[in-house]
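Two complexes follow with chain A in common, the first pairing it with chain B and the second with chain C.
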Partner chain A sequence: MYSQGLIGSGSENEESEAFLARFQARIDAEEKIEPNDAMPLAYRKTLIRQIGQHAHSEIVGMLPEGNWITRAPTLRRKMALLAKVQDEGGHGLYLYSAAETLGVSREEMTEELLSGRAKYSSIFNYPTPTWADIGMIGWLVDGAAIMNQVPLCRCSFGPYARAMVRVCREESFHQRQGYEIVMTLAEGTDEQKEMAQDSLNRWWWPALMMFGPHDADSSNSDQSMLWKIKRFTNDELRQKFVDATVPQAEKIGLKIPDPDLKWNPEKNDGAGGYDFGALDWDEFWRVVKGGGPMNRDRIAARKAAWENGRWVREAALAHAAKREERAATAKVAAE
Partner chain B sequence: MATHLTPLWEVFIRSRNGLNHKHVGSLHAADGDLALQSARDVYTRREEGNSIWVVRSEQILASDPDKAAETFEPAADKVYRHPSFYDIPDDVGHM
Partner chain C sequence: MTYAQPIKTAFVETLITLGDDHLILGHRLSEWCGHAPMLEEDLSLPNMALDLLGQANNLYSYAAELEGEGRSEDDIAFLRNARQYRNLLLVERPNGDFAHTVLRQLYFAAAMQPFWQATLNCSDERLNGFAGKAVKELATHIRHCGEWVIRLGDGTDESAQRMRKAVEELHIYTDELFQPNAAMRICVEAGLIADPAAQRDIWNTTIATIFKDAFLQVPEIAFPQQGGREGLHTEALGHLLSELQYMQRTYPGMTW
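After this line comes the complex of A and B, so read on.
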């Protein structure tokens, strides 16, 4: 509702020094920026890109788990998984609507995803060949998402922050149901335990990559911190995630697949934390740029959903138009 | 056929009786019935409310944030609208 006709027509398109300083002062004072407020074009563009990518990640994120809904081992697991996947669809919709307040349309965002111009989280380009992967996604992938999303609840852009509050409220169930699946397997037969360990071996490193490149290599990071879109750097969040997750693995007798993992009492200003091994950034960039094992499948699935839903969208619009027309004729007849 | 954009709706939810409907976000739907149905699925999966309003986004008129200063400023110099403006002896008691 906010943005119709706003883009490019704002009275403050002149980005003078004084305008930028005034904007930064509002940010520094922890004021929230709302959609109709004057904002630098770069701030708007950064948010459109980030919220769009975030929304796409939620939507594409339904696919690896959706793969197991019909094969969940019990009714309890199936109900939980269905509810979780539905939540992820909801997260995508909250986020698309937050991005739309900045003047981008849903159709444009969808088009960008389908054409491959928009990115989404690299993690969803890995396959889910075993049931343990569903547990691992909930535990690690939702766990990493929570680390990322909790600080976003304080993001300077109001609609994004509000969407994140809703999302975060729903995420903790996702992580807990995942951990429960992994825990059950880890306490099961040798084969089940092995399945859980194998899944952890495959997902650990991609989960760490979810936080994005190292701070030194992250081009947008400084500006986003200055604008209080981000509150922590990629490396800070990654460290928090490792420190929180390693004890959870130990608790259920699984081994983190990192020979360099070591407790370091000096870390985190003396509070202690884990040193961990180097990430394979070549793999990260390959997967982000479309070379992961499942990139093609994911986009093909989204395209099919869009194409197969076309007649429904068109029929619904035609029906709405017809009803409106009939209502108008009836009104005239009654006068 | 030209692609028609599916209209945008703003969603308001009352979390329980006695409270106002509150804006929660927006969604796309071809008509009001579908908008209400989607709003239920998207915004009330965990008993977030017992009543939903949907309004076509284009129907909402908003005040201009660039004019916020002049629109809302006059209220600041009308201190006589506040109870603390009036001097009443303490021993009158709570008033």
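After this line comes the complex of A and C, so read on.
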């Protein structure tokens, strides 16, 4: 079977079966695919979409936590939060750079985000009305991100895998810091405990939804597994997350808001694991499609930053051009 | 180190005054996080904010220890009223556009960097430690913001016009950079800090050099504005504090 298509910078320009088989053999041998290697167009497109979405999630993810930087309760918490949100910006930067190696510019990706064509993680469409949400995001959202991202450190695409190694180190620091905020609340006054429990009630289910639809309903999953972009299915990762997180909640006396949550010794091939209740997939799809509580505000904030910054970016380019011109003129004059 | 009165009280007040400058400016810069004109600045502005907040934390902690009355650095940072803050008016001014923000940062850093440099020759070891760190940090702020002032001043017509507007609006607050309050003057006399007033020439030179490349004029100021050093602030500070202090005021006495 032939599928016509551009293979980017590779020398081959059509995807013969022999080419696809050679490519799959490299993947199966756990070789890393590098930007200048020939690759099937669909592989390139999948990665551009996934890395782009991941980068956008880091950038949009700065907003819900950024909401508390100016109101953080102590100097130490303020500095830690500011540094954390800055780290997320750094993650966005490495990821945009990794995507750029596939032939798409940061500007193009940004336009896609602002126009709504590109997605970002739905979790960031929920609001952060209380300080406890800052702890909860670190604990649960960065915690879920780690579950997703640790296997990505072995992703077949080299630049993505390498970016993830660096990102994961910082995410696990964020997760511990978030848990520590929640623990402090859980050990605090009744009002603080209540703030923590209320926040857990709001974030628990959206955090589980971060792993995406059930395997049976996930359209891109099989091919991504074959290409070793993904190493575990959505449901496998969700289960790992629940199993890791429930004991952490118990340890600090918070209650997971799921009446169906129950230890099941048979689960995970007899190693044991938690059964948990059904997710509200209507809510999931509503938020993905733009109907969550903060979708409009998040995009509006990104648009405002992009549009209000346009004159600055234009000035930087204009200045660089002027300098170059002056250097050229000075050189001619000297000759 | 231990200090006898009246030096001790003056030194505590001075540390708080300097801490206030760093806290309030750090707060302002942190407002940009996630909203900057480009991703690189979403990293640089928080970097500078973190430098300033780190210094504020050091200065307040030291003030709290010297004072010895059981206040913590957070009590000092979060539990005073607007009239008790001693920061410069310059640092509390709203962010405005990016031109205002980089110019405000340049004005501050260009005065404080030589101030901390000269303070390295003063007698308090702990403060010298803070000064050593600040000298390096502020040098990078001067470089980063100075480059932006030049880029914007010598960029497009729009950016040049915005840069001129920023100068027009912020320059009137720069005189105060060189006006120590009474507590600071006692510390200068006692050899604990450098004299802020003595940094004016270095500041003038730094600003003139950058303005030349940015095609900007240093304006004549008819009515320089000051008052922050005595706790007389613009209306902007109260709103800033209502955000800064929200948690500590809403939930008094809790551990976070």
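Operating definition for what follows: the second predicted complex is superposed on the first by the 324 of 335 C-alpha atoms of A that agree within 3 Å, B and C clash if a C-alpha of one lies under 4 Å from a C-alpha of the other, contacts with A are read in each partner's own complex, and residues count from 1 in each chain.
In the analysis below, a residue touches a chain if its C-beta (ideal position, glycine included) is under 8 Å from a C-beta of that chain, and two chains touch if they have at least 3 such contacts.
What you are looking at is a predicted structure, and each value in this text was computed from that prediction instead of being measured.
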| item | value |
| --- | --- |
| Chain B versus chain C as contact partner of A:226, first or second or both or neither | neither |
| Partner chain(s) touched by A:66 [first = chain B, second = chain C, both, neither] | second |
| Touching partner for A:189 - first (chain B), second (chain C), both, neither | second |
| Touching partner for A:314 - first (chain B), second (chain C), both, neither | both |
| First (chain B), second (chain C), both or neither touched by A:86 | both |
| Touching partner for A:105 - first (chain B), second (chain C), both, neither | first |
| Comparing the two partners chain B and chain C, which touches a greater set of residues in chain A | C |
| Partner chain(s) touched by A:97 [first = chain B, second = chain C, both, neither] | first |
| Partner chain in contact with A:304 - chain B first, chain C second, else both or neither | second |
| Touching both chain B and chain C, residues of chain A | 83, 86, 90, 93, 106, 313-314, 316, 319 |
| Contacting residues of chain A [partner chain B, same complex] | 1-2, 4, 11-12, 34, 36-38, 83, 86-87, 90, 93-94, 97-98, 100-101, 105-107, 159, 162-163, 166, 170, 313-314, 316-317, 319-320, 323 |
| Sites on chain C touched by chain A in the complex | 23, 27, 30-31, 33-43, 46-47, 49-50, 53-54, 56-57, 60, 73-74, 77-78, 97-98, 150-152, 154-156, 158-159, 162, 243-244, 246-248, 251, 254-256 |
| Parts of chain B lying in touch with chain A, wherever the complex brings them together | 1, 3-6, 8, 10, 24-31, 34, 41-43, 45-46, 57-58, 60, 62, 64-66 |
| Complex contacts: residues of chain A adjacent to chain C | 59, 62-63, 66, 69-79, 82-83, 85-86, 89-90, 92-93, 96, 106, 131, 181, 184-185, 188-189, 191-192, 301, 304-305, 308-316, 318-319, 322 |
